[in-house]
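Chain nomenclature is as follows: A, B, C and D, assigned in order of appearance, with residue numbering initiated at 1 for each chain independently.
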Amino acid sequence: MIVIMQAGATAKQISAVIARIEEIGLKAHLSEGQERTIIGVVGDERKFGDRDTLALLDGVERTMRVSHPYKLASREFHPADTLVPLNGSQVGAKKVVVIAGPCSVESREQIIETACAVKEAGATALRGGAYKPRSSPYSFQGLGEEGLEYLAEARQVTGLPIVTEVMEPGLVPLVCKYADVLQIGARNMQNFPLLNAAGESQHTVLLKRGPANTMEELLMAAEYILSHGNNRLMLCERGIRTFETYTRNTFDLNAIPVLKARSHLPVIADPSHATGKWEYVGAAAKAAIAAGADGVIMEVHMNPEKAMSDGAQSLRPEKFAQLVKEMRRVAEAVDREM
Amino acid sequence: MIVIMQAGATAKQISAVIARIEEIGLKAHLSEGQERTIIGVVGDERKFGDRDTLALLDGVERTMRVSHPYKLASREFHPADTLVPLNGSQVGAKKVVVIAGPCSVESREQIIETACAVKEAGATALRGGAYKPRSSPYSFQGLGEEGLEYLAEARQVTGLPIVTEVMEPGLVPLVCKYADVLQIGARNMQNFPLLNAAGESQHTVLLKRGPANTMEELLMAAEYILSHGNNRLMLCERGIRTFETYTRNTFDLNAIPVLKARSHLPVIADPSHATGKWEYVGAAAKAAIAAGADGVIMEVHMNPEKAMSDGAQSLRPEKFAQLVKEMRRVAEAVDREM
Amino acid sequence: MIVIMQAGATAKQISAVIARIEEIGLKAHLSEGQERTIIGVVGDERKFGDRDTLALLDGVERTMRVSHPYKLASREFHPADTLVPLNGSQVGAKKVVVIAGPCSVESREQIIETACAVKEAGATALRGGAYKPRSSPYSFQGLGEEGLEYLAEARQVTGLPIVTEVMEPGLVPLVCKYADVLQIGARNMQNFPLLNAAGESQHTVLLKRGPANTMEELLMAAEYILSHGNNRLMLCERGIRTFETYTRNTFDLNAIPVLKARSHLPVIADPSHATGKWEYVGAAAKAAIAAGADGVIMEVHMNPEKAMSDGAQSLRPEKFAQLVKEMRRVAEAVDREM
Amino acid sequence: MIVIMQAGATAKQISAVIARIEEIGLKAHLSEGQERTIIGVVGDERKFGDRDTLALLDGVERTMRVSHPYKLASREFHPADTLVPLNGSQVGAKKVVVIAGPCSVESREQIIETACAVKEAGATALRGGAYKPRSSPYSFQGLGEEGLEYLAEARQVTGLPIVTEVMEPGLVPLVCKYADVLQIGARNMQNFPLLNAAGESQHTVLLKRGPANTMEELLMAAEYILSHGNNRLMLCERGIRTFETYTRNTFDLNAIPVLKARSHLPVIADPSHATGKWEYVGAAAKAAIAAGADGVIMEVHMNPEKAMSDGAQSLRPEKFAQLVKEMRRVAEAVDREM
C-alpha cells in the first residue's frame, strides 16, 4: 500500500502514519516528493483486510493498494493453467467445452429429451435448474429435489455430467449428491456462506460473475472457494448490468482475455444470459471462443415459447446443433478444438 | 401485457398469438394500428410469471408489460402508509428515526460504549454487525453469536433496539433471538431463500437495496417478504454502483421520493454506504431527510482509524451528535420531527 | 506518479524506467518493497499529459497517478470560494439562487408570461433554450436567434438575467450578445472547441456535468474554461446515466458536497433533469439545498402537457411558487438564504 | 404509442386523452382491460417528437412507444445492407476491412512510416488524428491542419484512404479537403451541429457510439446524418462506460449483431478503445469479427512507449501484422474474407 500525504503535511503527521503502519506489523518507506510526501508500506498489505483506515489519519490525502487483494486465484501465485476435469475432457486445455440444456428442469420427459438432443449435437455436459432464483415470488421456482432426480436420470441415459445451481449453504450436501458441477448463480456471487459451503464440499464449482461485480470481485469470490483447498473451479462471464437495455445484459467480452491473463482458472462464457435473446446467442458464443473462452454454457429448449423460464434466450435443438458446427470452425481458427 | 406485432404480420400469426393467450387463461383484445396490429392481454398478467414467451411467436415484434410485477408492496394495492413500530416510535409516521452504531461489533466494551454514545446523541436504535459479508476471505468476518450477545447486553444497558444483519436462512432463528430488526444486506437483496426465511420469521426486517438493483427489483424482493404475511418491513436506499468511483457508491436520492410514491413501506437512507466517506455523510443524511426519508442508518465508531471495517465512513460520536442537531433542523423544515 | 514494478522485475528493467522518467525531465525515487519495487516520480506529473506510457516498459506492472490532473479548478490551488455575480447576488455566497423557466422558448408570449411568473415566485434568473440538442432530428430544434430575441425581451420586462444554451463554437459570439449566462449542456461537456470558445468569451458560464462523466472529468472540463482566465463559472449536477430506468437520470447527490470540497467553484443542481418527472422535482430540489448546493435550475412551463420539450419534468408556476417557499425553509435550516 | 390509464381512471379523463391525441392529428383506439383501460395511438407517433406529454394528463399512468424513433437507419425501412465504398472494397460486403494507424499524427515521418507499415501488413485504410479531443487541456491537442497535410502525404505514398476525426462543424469543409472518411468521435456522437454538417458534406462518415449512449441513440445520431441524404455512413462500437474499471471501456460485443439486425448500416469495431490495453486488442478484434463486424479500426504505433496519446492501447507494427493473419483465419471461419 502507498500512502499519499497532503501537500503540506507536517513531520508530526508523517511520523503518526509511520507509527500506525509499524503497529500493524508492517514497515514504512518514506519518499519525499516535490509536491508531497509518499509513504510506501513494505510487507503483506493483506494484513489490512479492507481496513483502509490509514486514510483517516491527519495529513493523509489518500492511500492506494499495490498488490491485488486476491492471491490463490492469481496467475502470479499460480502461473500454470488450472485444468478442471469434466466428462473426460480437461476444461482449460485445448478442447472448448459446451454445457447445454434448459434453464429449468420442467419435467422428467423434458429434461431427458433435451439431454439426448444436446448430447447428439455434441454437448460436453447438461445444464438444468432444479432450484431457481426468480425476481418474482409468483414465478416458477423450480422442482427442487424432484428436479435433481430427473437430472440424475438424464445423466444415466446420456452419460452427460450435470451442472445445476445451488442457492443456499444448507442444500449444498443434497445438490452434491446429484450434481457433477455446482453452479453458483450470478446473484449469489457474493453469498459468502454459500461460497464457503461450496469450497468445503470439494465438489467442482462453476462460479458466475455477478451482474454488477468487477472482475476483481469475481476473483475475490473465487478466493473464498480456493481458500478451502478446492481448486476444481471454473469462472463464468454471463453479462453485466449497464445502461443499455436493448439486450438483457451487456456481454463483457473483455472479461475473457482479462480473466485468463490475471488468473489460472478456466473461463466459461454464457451467451444466453449475456444477450437474453436467442437470435444473438450465436454471435456472442462464437465471439467468446474467438476471444479465448475455455467453454460456453447455453440454454436449449425443445419448445422455447412454452419454456417456464428464459424462453426468449433458449435455442431450439436444431439451431443449437447448427451453432455447434459454427463454433467448432471458430475454435479451430484460434487453434482450439470442439 | 401488450403484444406488438411486426409490421406485416399475417392473420395466421395474429390468430396464433390470440390462441396462446387464451391457452394461458387470459383474454386477447385486438387493435389494428396503421403501421401494425397490437394485441392487448386482458386479465392478470402475473400469470405469465416472467415467461415473456409470447415474444417468441412468429410475427411478434415485442411485448410490453402493463401492470407492475409486484402487488403487495404497491401503493395501488395498499394506499395507506405502513407504520413499523421501533422503540416506541412508528417508522413511517412523523418522526424521523435514527439508527446508529458501528459497522461491526468488535468487542463487548466497544459496542456498549458506542451504544451509550449514540443513545446520548439521540439515536432511536443501535446497529452493529455480528456476521459480516466481506469481499475478502482475509478480512474480519465478525464475532458471530458472541457479537449478538454483546449487542443484547448493549440493549440492556441502553434500552436501544438492535438492528443487525443475517446472511443465511439457517441463522435466521438464532439472529431473531437477539435482534429486534433483521437487516438483509445489499448483497443479499436477491438471496431468495433468505428473503423467505425472513418473511416466515414475522420479525421486523430492514431490506437494503442491492448496489445494482432497480427500485422495481427492490419492491419485488419486498414482495417475497410480504408474501409471507410479514409487513413489518422497511426499505433502505444505500447507494448504487455506477461509473463514478470517487465515492464508494452513488447515492440514488431519487429512490426516496419514488419508493414513497410507488410503495406504502417506510424508506430509510444509509448515507454512510451511499458516500463511503465520513466527510460527506452529513450532507447526504440531511438531503435524505429533505427528500422525505423516514429514517437514516449510519455508522458511528469511537475510533474510526482503528475500526475493523468501514472506518473511512464512520463518524466519531461528537460529530454524530452534532449531525443529529443539524438533521433535526432539516426535519422540522419539511414538517417532520426527530 | 508511482510506477509499480512486477514482482521479479530485473535491475535492467528498473534502470530503463528510471532513464525514461529522467528523459521526460522528472526525477525518479526508488523504493524496494518486499514483494516488488516501487518507483516514485518526483516533479509535476502533468508533464505526462495522459501519456501513461511508462506502463508499457518491460517489467512494469502498472502506474498510479498521485496528483489530480486538474489544477485551476482545485481547492488546493484556490482555497477560497469563487463567487459568481448573478442579478445582484453572488452565486456561491450565502444566498441560494433559483434559475427557472421553460426548457425551450416556444413563442414570445410563452417566454414573457413564464418570465413574469417565475420572477413573481422569486426566481433569480430566467432559463430557456433557443438552440436545443435533441436526440431525434424530428423533434423541435428550437427557435434559434428568434428565441434569443424573445429572451432579451423577457429580460427587459422582468429584469431577470438570461441563462441559455450554446451548442457550437461558431455561435458563442451571437449567444453572448443576448445571454447573461452561457449554458453548456450535458452532451457538450467534453465538446472541447466549445469549452475553449466559452472560456475565451469571458462570459459567465454554467457548465453541466455529462450524463456519463465523472466528477473529475467535469473538473477537467472546467479547467479548459478556467485556462482562458475565465473564472465566472458555475458547475451543474443534473443527473447521471445508470442502470435505473424509472427516473430519467440518477441524481448524483454526492456530487454536491464532493465538488464543493474538491473545487472552489459554485455548484448548481438541476432537479428537473435529475429526476425527469415533475412530481419528484421538489424532493430533489430540497435535498440539493440540504446538501449544500449554491443554487437550483429548474423547468417551469405554463402548460406542461403542451410543452414542446421536457413537459414531463416541468412544474406549473403555482407549484413552482409553492416549492420556492419550501426550498427557502430548507435553505434556512442549513444556514443559507433564498 | 400506447397510453396506459390508471386503474380507476374516469370516462372524462379518458375522453380528454382521446381529444388530445386527435388534436395532434392522430387517431385513438380504445381497449378496455380488466384492471385498466389502454388507448392505442394510431398513426405516425413520430409526430410526438419526444413530447411525451400525454403522460401528464389526469388519469394517465404512463405511455409506451410502439415504433422505433428512428426510420432511415432501420432495417424495416431499408432491408438491404448498405455498402460503403472504401479503397476499392465495399464496407458491409464479404470483405472485412481493417483501418489502422496511430491515435495522433505526431510528425511527418511518424505517419508516413506507420502508413507504410500498416499497408504492408494488409490494412485497408489509414487512421490518424490531427484534431484530438483530450480530457485535459494540458495534453497534446494534435497538429491541426499540419497533421492533415501529413496524412495526405501518407496517402500519396501508400494509396491508403484517410480516416480522421473532425470535432467542430466549422472545420468540416477543411477536413473534407484532406480526409476520405470523416470520423465523428464518441464524445461527439450527440454533437448535433456536427452531425448536421457531416450529413450535409455528403462525405463518407465513421460515426462512433458514445461511451454512455444506447444503441438506439446511436441510430438516432445516424438518423441525423442520413436525413441529409448522406448514406455513406459506418457505425462504430468502441466500448461503453460501466462500473468495470480494469479495462478502459467495456466492449459491448452484443452491439455488433444487434446493430446489424436493427440497421442496414455497416458496423466497425474498435478493439483499441474497447479494451484500452494492447494485450487485449487481439482477443477483442477476433471476437468482433466472429460476431459479424464488417471491419475493425485499431491503433498502431511504431513506438508505443513514446506515443503522445493512447500508447497503452497501441500495437507495434509486427504485432499488428501477426494479428491481421489471425483475424483473417477467424474471418474465414465465419465465411468472410480479409
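Operating definition for what follows: a residue touches a chain if its C-beta (ideal position, glycine included) is under 8 Å from a C-beta of that chain, and two chains touch if they have at least 3 such contacts.
Remember, predicted model here, so these are calculated numbers, not experimental data.
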Q | Intersection of the contact lists for chain B and chain C | A | A, D
(Q) Do chain C and chain D, two copies of one chain sequence, contact each other through the same residue numbers, with over half in common, or through different ones? (A) same
Q. Measuring from the mean C-alpha position of chain A to the mean C-alpha position of chain D, what distance in angstrom results?
A. 31
(Q) On a C-alpha centroid basis, what's the spacing between chain C and chain D, in Å? (A) 26
**Q.** Averaged-CA centre spacing for the pair chain D and chain B, given as whole angstrom
**A.** 38
**Q.** chain B: positions in contact with at least two other chains
**A.** 212, 241-243, 245
Q. Inside the complex, what are the residues of chain A that reach chain B?
A. 20, 46, 49-57, 69-70, 133-140, 167-170, 187-188, 190-194, 210-212, 217, 220, 223-224, 227, 241, 278, 304-309, 311-312
Q. Which of the residues in chain B end up touching chain C in this complex?
A. 212, 214-216, 240, 242-247, 250-258, 261, 274-275, 279-280, 283-284, 286-292, 326, 329-330, 332-334
Q. Hey, which residues of chain C end up touching chain A in the complex?
A. 2, 4, 7, 27, 29, 31-36, 38, 40, 42-44, 64, 66-67, 76, 212, 241-243, 245
